[in-house]
Structures are given as C-alpha cells and as structure tokens.
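Okay, so chain A shows up in both of these, paired with chain B first and chain C after.
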Partner chain A sequence: MARFVLRRLVGMVAVLFAVSVLTFLIFNVIPNSDPAQRIAGKAATPNLIASINEEWGFDNSLPDQYVTMMKKVFSGDLVSYFARENVDERIVEGIPATFSLCLGAAVIWMFFGILFGYLSAVRAGGLLDRALTVFAVAGISIPVFGLAAIFLIYLTYKTEIFPSGEYVEFASDPLEWAEHLILPWITLAIVYVGFYSRVLRSNMLDAMNEDYVRTARAKGLGERQVMSRHVLRNSLAPIITLFGLDFGALLGGAILVEGIFNINGVGLYAFESLKNVDLPPIMAIVLFGAFFVVLFNALVDIAYAWLDPRVRLGDSAS
Partner chain B sequence: MAAEANAEAAGDSPWLLAWRRLRRDRVGLGFLALFVLIVVFVLAAPLWANQVAHTSPNKTHTLEKIEVDGEQREVVNREGKPIGPVWLGAGGKFFLGADGRLGRDEMVRLMYGGRVSLFIGFASALITLLLATVLALLAGYYRGWADAVISRGLDVIWAFPVMLLAIAFGISLAVGGLQIGPLHLSGGSIWIPILVIGGVSVPYIARPLRAQILSLREKEFVEAAVAQGAGPLRIMFGELLPNLTSTIIVFFTLTLANNMLLEAALSFLGVGVQAPATSWGTMIAGGFDLLTSAPLLTVVPSVMIFLTVLSVNVFGDSLREALDPNSKLRLEAHAGFAEPEGTAV
Partner chain C sequence: MSGEPLLAVRDLRVGFATEGGRVQAVDGVSFELAPGEVLAIVGESGAGKSVTAQTIIGLTKSGNARIEGSVRLRGTELIDAGDEELRKVRGERVGMVFQDPMTSFNPVYRIGAQIVEAIRAHRDGASKADARERAIELLDSVGIPDAPRRIDAYPHEFSGGMRQRAMIAMALALEPEVLIADEPTTALDVTVQAQILALLERLNRERGLATILITHDLGVVAEVADRVVVMYAGRVIEQGTLDEIFYDPQHPYTWGLLGSLTRMDRERPQRLPQISGAPPSLLDLPQGCSFRPRCPHEFGRCSELPGLDARLAEAPSHLDRCWFSPEDKRERRLVEGEIGLEAPAR
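Then we have the complex of A and B:
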C-alpha cells in the first residue's frame, strides 16, 4: 500500500509539473503580442511594461522565465498590476466562500444524483424513469449562467423568496450563511444531478446482468437487498471517480455561479479579473484549479487501492 | 457496428437498419425537427433583418422613435431603458424590443447571434473530432511510445478544469491574436474561440476512441489486412476508421452540444466571441446589466441555448440507440466525457 501511495504521489508531482509548464506556455510563450504588455493589462504604461519585462525576465531564456514565474506564484509575490493587489492573498481569502459553495452543492448533487439514478435504474423503462430522464437531460443542457439569471429574476428580484446570493461567513451567522447559499447550491447542483443520475443508471443497468447479482438472487435475497447491497454498491465506483474530479475542479472556482451570485470566492476573483483582462490572477487561479483536480484524482485512486487490493496489485504488476 | 456489419443475416446494411430504428423513435425525431427549426430560424436572419425589421444586428437606434400600434414610442427612454417586446406592433421592428442603451433590435441580434453560436459549435466540434480521431488512431494503432506520448499529453490537458483551460487560452489569444507562420488571427476573430473550444475538448473524445481502437486492433479483420500487406495508413484509415464511424457520429452530436455550452460560457465571461460579433452568450452577458428592468434580454437567449443543446443531446442519444443498440458507449459511460463541469460552472 505504501508503495502504491508513493508511486501515485510521484505521478501526481509529474502531472503538476507538466500542468505548470503548459500554463506557462499559454500565458508567456504563445506567439502573439508582447507578454509584458498582456500582464500589465489595461494599466499598461511604457514604464510599467519595461519594469515587468525586467522583473519577469522576458529577455532571458524560456527555462529561466518559467522558473521566475513559478517563483512568483509560490513565494506569494505575484501581484495584479490592474488591481494593484497581491494575487495569492486574494485567492486564500476566497477559499472559505468557494469551499462552502462547493461542499453544499456537492451534498445536494450526490444525494439526488444517487437517489434519481437508483430509482431510474430500478424502474428502468417505466414512467418514473422517463420523467427522471427528461429532468436529467434538461439538466445537462442548461447553460448555468442562464439558469442562475432566471433564478435571480424570478426568485429574488420579483418574489424576494431568496436573498440575492452574496456570501455571509458561517462563523458570523450559520442560518444566513445557508440562506444566502441555497440558490447558488441548487443552481450548481442541478447540472451535476442530471449527469450523475445518468451515469449511475447506466452503471446499474450493466451491473444487473452480472453473475454476482444472479447469485444474490439465487440465494434468496429480496429484490431491495439485491439492488442496494449488490447492484448499487458495485456501481458507485465510477461515481466516486467523477466526484473527485468534479469537486476538485470546482474548488478552482465556480466562476459563473460565484460571479453571478456575487459570492466572494476564488471564482468571483477569476470572474472580476476576466472582466478587467487582468492576467496574473487568472494565471494563478488556473494553476490553483489544476492542482485540486490532480490532487483529488490521486486521492480517489489511493482510496480505491485501499478499498480494492486488485487496484494496487494490478498497478505494481504492470 | 462491427458486430452488425459482420451479421449479414438480415441482408440489409447496418445504415439501413439504423435508419429503420431511428424512424420509429418519435421523441428523437421530434427533437431533430426542433433543431432543424432552430437552424432555419438563424439562417433566416438576413431575410428578417432586411425585409421585416429593416435594420442590421449592430445598427443603433438610440434616439429614434417608432410607431407601435399608432403610438409613438422611444426605442430607448431617457433613463436608458430599452423598449420591451412590441411583437408585431411596429410591423416586425423590435419584435423582442431593443437590447439596451444602444437600442439595437433584439430579434435581429438573436437570429444573427444564433448563427455565430451554431457555427462555432459545428466548427469546433469538427476540429475536436478530427484531432481526436487522428490522435486516437495513431495511439491505438502504433501503441508503444506513440501511445505513451499521446496519452500522457492528453492526461495533462485533462488535468485542467476545462473551463479554466479554455479561459486561459481564450484570454491570452483574445488580447493579442494568434500568429503561427502564415496563419494570422486577430484577437476579435471568431476562429479563436473555435480553436480554443475545439482544442480543449479533444481529450474527452480521444480517450474513449483510443480505447475502442485498442480493442478493434486485436480483431481478425486487422490481422487479415496485415496479412494482405496493408500499410499503417491503410489499416488506420481504411480498416479501423470505418468501424468507428457510428461512434464518431454520436460523439459529434455530444461534442456539438457541449461545445455550444462552452462557447456561451466563454462569451459570457468575455473571453469567447468578441464584439462587434454577437453570439447568444454575449447577448446574455449584455442583458445582465438590465436583469431587473429587462429580464427578457437574458431569458430569451438562455432559452435558445437550452433548446438547441437539448435538441442536440436528445437526438444524439436517439442516434446512438439507432446506430448501436447494444453499445455500452453512452453519454454517461465514460468518466469524464461530456462532463458538464467544463461548460457549466
């Protein structure tokens, strides 16, 4: 097990390195305009551009430039020239709000995703299955920002049922915290509920044809037990993988939802920086987001290996 | 697919069988009809603009007055609020009202914006499928180091949240344009979002395709082709590719749907389609400032995107069902494929 974890962590570091190189290439090397000018953004003056050129070492070799950029991001002295503030500090400030948003949405989408997927699979072909399918396909076809806007128009501005987003700290008032996050949670969850329920449904339908299900029935288990203990449990693995990736990606900021509901998290920071064409924060947030995807992916793999010895044995054999 | 092509018993071609199954699928055909309707709607843009509304998508009417049911009304009032939908009250002008302070005709913009959204969806989906197919064929056919290089490369792209990757490319290119050899794109070109969206979606298609090629490659027909002395190109494009056709068709529809959502999200954030070009995504962004006073400016383009993507998704699913009823290849069968996360949040 320890060897597997080690191997997986080394792999993770390798991917993170590749990710950082790609980010560097996108922002600094793409053959177009002067990178210093882009980093300076709208505030660009000849003086600023000259000083950025020097500070970032755009005259040096590419590996040098890469090292400079990474140093800036990780030592915490990356600044946004447009907003004149420290990028890393702003990202750290945004983490509680982003985390609250993601965690609540994740609870909702996992609960309903699994419930709907299970019901669909058990009643495959029936009326309930069809209704849930319509809901799921509609869910994955909705542009999230359109849905968020419609919620805001009809549930906040016109009827004032829900407050208009914004983030209230959990510590200051847990009730307000939840009330302000309900709409964003639902908005975010709807898309995933559709997708997860479809994944689970098809996995369960495949699992129902497996031998162990026939065995379970043959030994006289009730239908409900067969479904929940055997079929469902064995169909959850891909859902967990997906969840790791999605949750990791969301921690990098739910840019649209945070932007629209004005939730002061990492996503809102990205949203504002995009409006201002302010590149350094975006560069850092891209790295930050990719970091969580890679991390959660590795965590999921390690969890699998722990649960299922075949995974780690298979890996060390290869 | 492969299994069906071998099953000559019925005597009909697999395409004919698929068509028969598709013909019976009322829901799928209904949504296909909806999609065709939307395409006709956006294609009719110049007709509506010239013959009915007598304006163009970017023409401003800020200080003008129009006659609605015999009553003079300002297109944009003194507070900057645009006129709402007048339907046919002004002979088709400002059918859906004006789009904001600039007083542009919302209906005309909706039709032209739809052209851009659909065009980007199609063009980027073609790019995605083309790149993904070639990469998957190379990786699946040569295996070994070619596969290792391609797969690891795709892994790196896959490690980014799609949305963030597209944003990174989108903003870098929108600021400075793109210059590779003779190819020059200015920052405002709609080919930039097309290339970005087409590119970032590649791993989601290439991975499942590669897996399918790896298993196809072990089949007897490939062995037979090798025995006949067929070269790599013939095996890849003459033997393997035809067996992937139905998969590729299905993936195309799913990619189209996903890419349209991604385009809308990027344009909404200002890193997709750049003004003066208009897409449904930029229209939603534009309407957002008037969310309280003119909510329809946001709702209408959102609903158009939803209906288009929904029709493509439902029809795509029917198509899969018809082409390959036994396939495990589904919208949801591949972890990571068609993940809404990329386009959505």
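Then we have the complex of A and C:
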C-alpha cells in the first residue's frame, strides 16, 4: 500500500508540472499579442508595459519565461497591476472562506447524497423512491443562481431567518460563522445531493443483482446487513470518484455561490479578476485550483485501493 | 425411505411476472430428501433446477414472483415463513454453494472475514477470534493448504477451485443439515471438478450431510448421486434411484440425455448424438407433454399432460411422465442397441 501511495504522489507531481506548463503556454505564449500589455491590464501606461516586459523577461527564451513566471507565483511577489495588490496574499486571505464553504457543503451533500441514494435503492419503485427522484431531478435542474435567489428572497429579505451570506471568521464567532454559511452550503450542496443520490441508486440496483449479494443472503445475513455491508459498500467507488473531482474543483473557488452570497473567498476573487481581465490573479487561481483537482484525483486513487483490494496493482500483497 | 424425510418439496410452483407475460419457471415440482442422501436434480438450462433450489430457502422471493406449494424442513413449512425465520434457516440449517465461485464472494472483503460474517450472523455470542479459529479449521477441512495464512487472502488471490472450496467451507460453517450445491463444478476445469466432487462426496460420507446437487452433467450425477430428479421446462419428468435412471430410464428426454453422453468405453461416434430442437419457451409451452415437439415417439395422447406416476410394478419409487407402457419404452429407447433417442423423422 505504501508503494502504491508513493507511486500516486510521484504521478501527481508530474501532472502538476504539466498543468503549470500548459497554464504558462495558454496565458503567455498562445495569444497572439503582447503578453506584457495583457498583464498590465486595461489602463496601462507604456512605462508599466516596459517594466513588466523586463520583469517577466518576455525577451528571453520560453523556458526562461516559464521559470520566471513560476518563481513569481511561488515566491509570493506576483502582483496584480490592475488592483495593485499582491495576488498570493489575496488568495491566502480567501482560503478560509472558500474552504469553510466547500467543507460544509461537502459534508451535507455526501451525507444526504448517500442517504437518499440508499433509501431510493432499497425502496426502489416505492413512493419514497419517487419522491426522492423528483427532488433529485429538481436539484440537478435548478441553476445555482436561481436557487440562491429564491433562498435570498424568501429566507433572508422576506422572513429574515438567515443572514444574507458574507463570511464571518470561525475563530471570531463559530455560531455566526455557521449561520452565515447555511444558505450558501445548501445552495452549493443541492445539485450534488441530487446527482450523487441518482448515481448511488443505480449503482446499488446493479450491485443487488450480483452473485455475492445472493451469497450474503444465502448465508443468513439480515437484509440491513446485506444492504449496508455488501450492496452499499460495493457501490461507493463511483461516488468517491465523483466526490474527489467535484470537491477538488470547488476548492479552487466556488465562483457562483461565493459571488451571489458575497463570500470573500478564492471564488469571489476569481470572479472579480475575470470581470476585470486581470491576468496575474487568474493565472495564479488556475494553478491553485489545478493543484486541488490533481491532489484529490490522487486521493481518490488511494481511496479506491482501500475500497477495492483488486486495485492495489504492483503492490506486494499477493 | 425410512421415517420422516429431512426435506419435503410438495407441488412447488414458482412463477415470475415478466414483460412478455407470466413465466412458470417451476411447475408442480415434488421430491423428498432423506437424511444423508445425495439427490441430483438434472436438466438443461432453463429447466427450473436453480429456481427450485433457491426457492427452498426463499431466495427467489420478490415482488414479481409468485410462489405456491410447500417446502418442509423437518416438518417446518418454509414457503410462508417470515424473513427472520428464513434468515435463521439460511446458512444455519441449509447451506448453499453457487455455480460461479469467481463472483460469489464479495471481492472487497477477505475470504476469512466473509466466513466469520456467516458464523456471527447466527452466533451472536461468538467472538471474532473464535469465529476466526473456526474459519481456519473449516478452510483446512476442505483442503485449503496453509489455512492460517490463506484466511487473510482476498477472493481474487484464490484460484477458481480454491474459491469453490472456500465457498463450501463457508456453507458448512454452521454445520447445516442440508447442503444445496447449485452447479458447483460447472465453472471449473475438469480436473478441479473431480476434486470438488470428491470433496462433496467425502463430506456426505463423513458427516452424513444430505446434499441436493444441481447439475446438467450426467457424468457428475453418476459419480455422486443416490437418487436423481430429471427436470424439463419447469416440471419433473422422471425421478428414481441412480440405477433406475441410468439403467432403466422411462422418459424419452432421459434417453436423449443418456444417449448424448460421451463414453470412454464405447467406440467414438462420427458425430456426438444430441437431442434435436431446443427447449420450449416458458412463455409458450406446448399443450400436454412439454417434450412433445422434440420427441420422435410422439403420438396422439401426448397432447394430454401425463401425470408423474409410478408405472413400473417392481419399482414404486421410479416415477415418470410418459404415456407409453414400460414394455413399449424398453423397445423404443434402443438406438443401435444402446439407450438413446433417435432423430425425429422429417
């Protein structure tokens, strides 16, 4: 198992390197215009462009340019010329809000996604299954901004049950922190609850026809044990995959939800930067987001090996 | 048969509602299993063998299944038993082994854990350590070498034969009175088949374990069975002792099965004999005898379903469903001096 983990981590570093090269090419090489001008932003002076050209070494070879850019991103002196602020600092500032949002939403969507999927599968064809199906399809279909608007209108402005988003530090007041995040959590989670419960339901229905489930019944296990230990457990792998990809992608910033609820996280920063075509932060956030996608992909593979022993290929277990 | 049978199946009917209509997979099957006996149920795919076997412990129960008749285990009715009552019978009193050992173990748990799970499902008080000890003992007794180490292997780390041995060990974990083996050797290599059969035979001999062996392989039947039930299209068409079925078969279908066996003690035929045609669709059974469309000896009365009756004065336990008189049958079943079924006239 240790060797498997190590192999995955090495692979992860390789993928991250490839992602960084791609980011560099997409932003600095492929567009057929002066990169310094694009980085300088909309209201650039010739002086600024000249100094950027020098600082980023756009006259040097491509590998040189790549190294310069990576140095800037990772040493923390990447600057947004548009907003005149340090990009890395802004991203770090946004992390607590984004992570709070994503973690809370993930707990909700995994819990209810698995619960609803399990109930649907066990009661397939019944009334509960149909009700949950309607809920799931509705959850998948309603766009995030629509749902957020409905929540804000009815639960914040008309009834004032929940505050209208914004982020309160966990350390300063945990209760406020949660209260402010409840609506964003639910908004973000609902799509995933619907989707995950449908995927789990169909996986479980497939698993129920497996020979080993018949064996489990034949040896005298109770129906609940059959369902949880044999059907559910063997149906979780695709859910874990989805979770890894979705969660990893969200950690790079939940742009819509952060934007609507005015949560000052990485997503909101991305949103503002995109609006202003502010290239340095966009570049940094792409790398930041890619890191989590790749990280969670590796974690998914490791979780797979734990869930299904047949995956531990090349391991000396056999 | 002396005294009360261990297991008595009476007029068992299992029907499934399908999109094409109602499929009567099992239609009025009756047989008994005596303590210590090996009963073989033979027939081709779709004859209803597996459905019969699985219905005994309620595995075919579902929304679209209609199950009628009676299955009594030492006098206790199982057909209308509740879930908890059935659960206690499964594994504890009736063990079951399935056809494909590759897929019958859950791939994500260790072999030992799955046996321990079976034990603890019925012994609330059993500690994990005790159950594990017992599992090692069981694996050892079915001939798995180095059981204390192999118990922690995953199913994919076992060969097919080893998995089937482990499957049998699991089925025997609680010392059931009846073992149902549903095509236990079909998915295995021929040499491994022989080993598994030898194992089943040894268990029967040493422990007096009553066994229902479901198979389509008459070679397997000849080796281990005491009595034989032949099924065709959901019905029993003949049943009797091993010798009765092999040396004095009464139903043309049985003749055909025996005639299509390849035998090492005979000259090799040009072409392997076969029963022409295919089994009927259960959605559209012929009227009367279901074997009628494939039978070269068909005559007028065959459109009327014969009962499963004893037609031989000297063998009251030998039952069959064919209208011909025993004398007629003994004459008709000879094809070039051997028991067989001639190809129907075209």
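The rule is simple: the second predicted complex is superposed on the first by the 306 of 318 C-alpha atoms of A that agree within 3 Å, B and C clash if a C-alpha of one lies under 4 Å from a C-alpha of the other, contacts with A are read in each partner's own complex, and residues count from 1 in each chain.
As a working rule, a contact is a pair of C-beta atoms (placed from the backbone, for glycine too) under 8 Å apart; a residue touches a chain by one contact, two chains touch by 3 or more.
All values reported here derive from a predicted model rather than from experimental measurement.
Asker: Specify the outcome, clash or fit, for chain B and chain C once both structures are aligned onto chain A.
Answerer: Here chain B and chain C can both sit on chain A without a clash.
Asker: Who does A:Thr215 touch here: chain B (first), chain C (second), both, or neither?
Answerer: After superposition on chain A, A:Thr215 lies in contact with chain C alone.
Asker: State whether A:Ser141 touches chain B only (first), chain C only (second), both chains, or neither.
Answerer: First partner only.
Asker: Of chain B and chain C, which one contacts the greater number of residues in chain A?
Answerer: In the superposed model, B touches more residues of chain A.
Asker: Please indicate which partner A:Pro63 is in contact with in the superposed arrangement: first for chain B, second for chain C, both, or neither.
Answerer: So A:Pro63 meets neither chain B nor chain C here.
Asker: Is A:Glu223 touching anything from chain B or chain C once the two structures are fitted on A? First, second, both or neither.
Answerer: In the superposition, A:Glu223 contacts chain C only.
Asker: Considering only the touch criterion stated at the top, classify A:Gly126 as touching first (chain B), second (chain C), both, or neither.
Answerer: The answer is neither, since A:Gly126 touches no partner chain.
Asker: In the combined three-chain arrangement, what's the angle at chain A toward chain B and chain C (CA centres, steps of 10°)?
Answerer: An angle of 80 degrees, rounded.
Asker: In the superposition on the shared chain, how near does any CA atom of chain B get to one of chain C? Answer in angstrom.
Answerer: Least C-alpha distance after superposition: 13 Å.
Asker: Shared contact residues on chain A, chain B side and chain C side combined as an intersection?
Answerer: none
Asker: Note which residues of chain C are touching chain A in the complex, please.
Answerer: Residues 54, 57, 59, 63, 83-84, 87-92, 95-96, 98, 100, 103-108, 117-118, 121-122, 154, 156-157, 167, 170-171, 173-174 of chain C touch chain A in their complex.
Asker: So in the complex, the part of chain A that touches chain C is made up of which residues?
Answerer: For this pair, the touching residues of chain A are 125, 210-212, 214-223, 225, 229-230, 233-234, 307-310, 317-318.
Asker: Contact residues on chain A for chain B in the complex?
Answerer: For this pair, the touching residues of chain A are 15-16, 18-19, 22-23, 26-27, 30-34, 38, 137-138, 140-147, 149-150, 152-153, 157, 188, 191-192, 194-195, 198-199, 201-202, 206, 238, 241-242, 245-246, 248-250, 252-257, 259-260, 270-271, 274-275, 277, 279, 282-283, 285-286, 289-290, 293-294, 297.
Asker: Hey, which residues of chain B end up touching chain A in the complex?
Answerer: By the definition above, chain B touches chain A via 152, 155-157, 159-165, 167-169, 171-173, 175-180, 257, 261, 264-265, 268-271, 281, 284, 288, 291-292, 295, 298-299, 301-303, 305-306, 309-310, 313-314, 317, 328, 330-333, 335-336, 338-341, 343-345.
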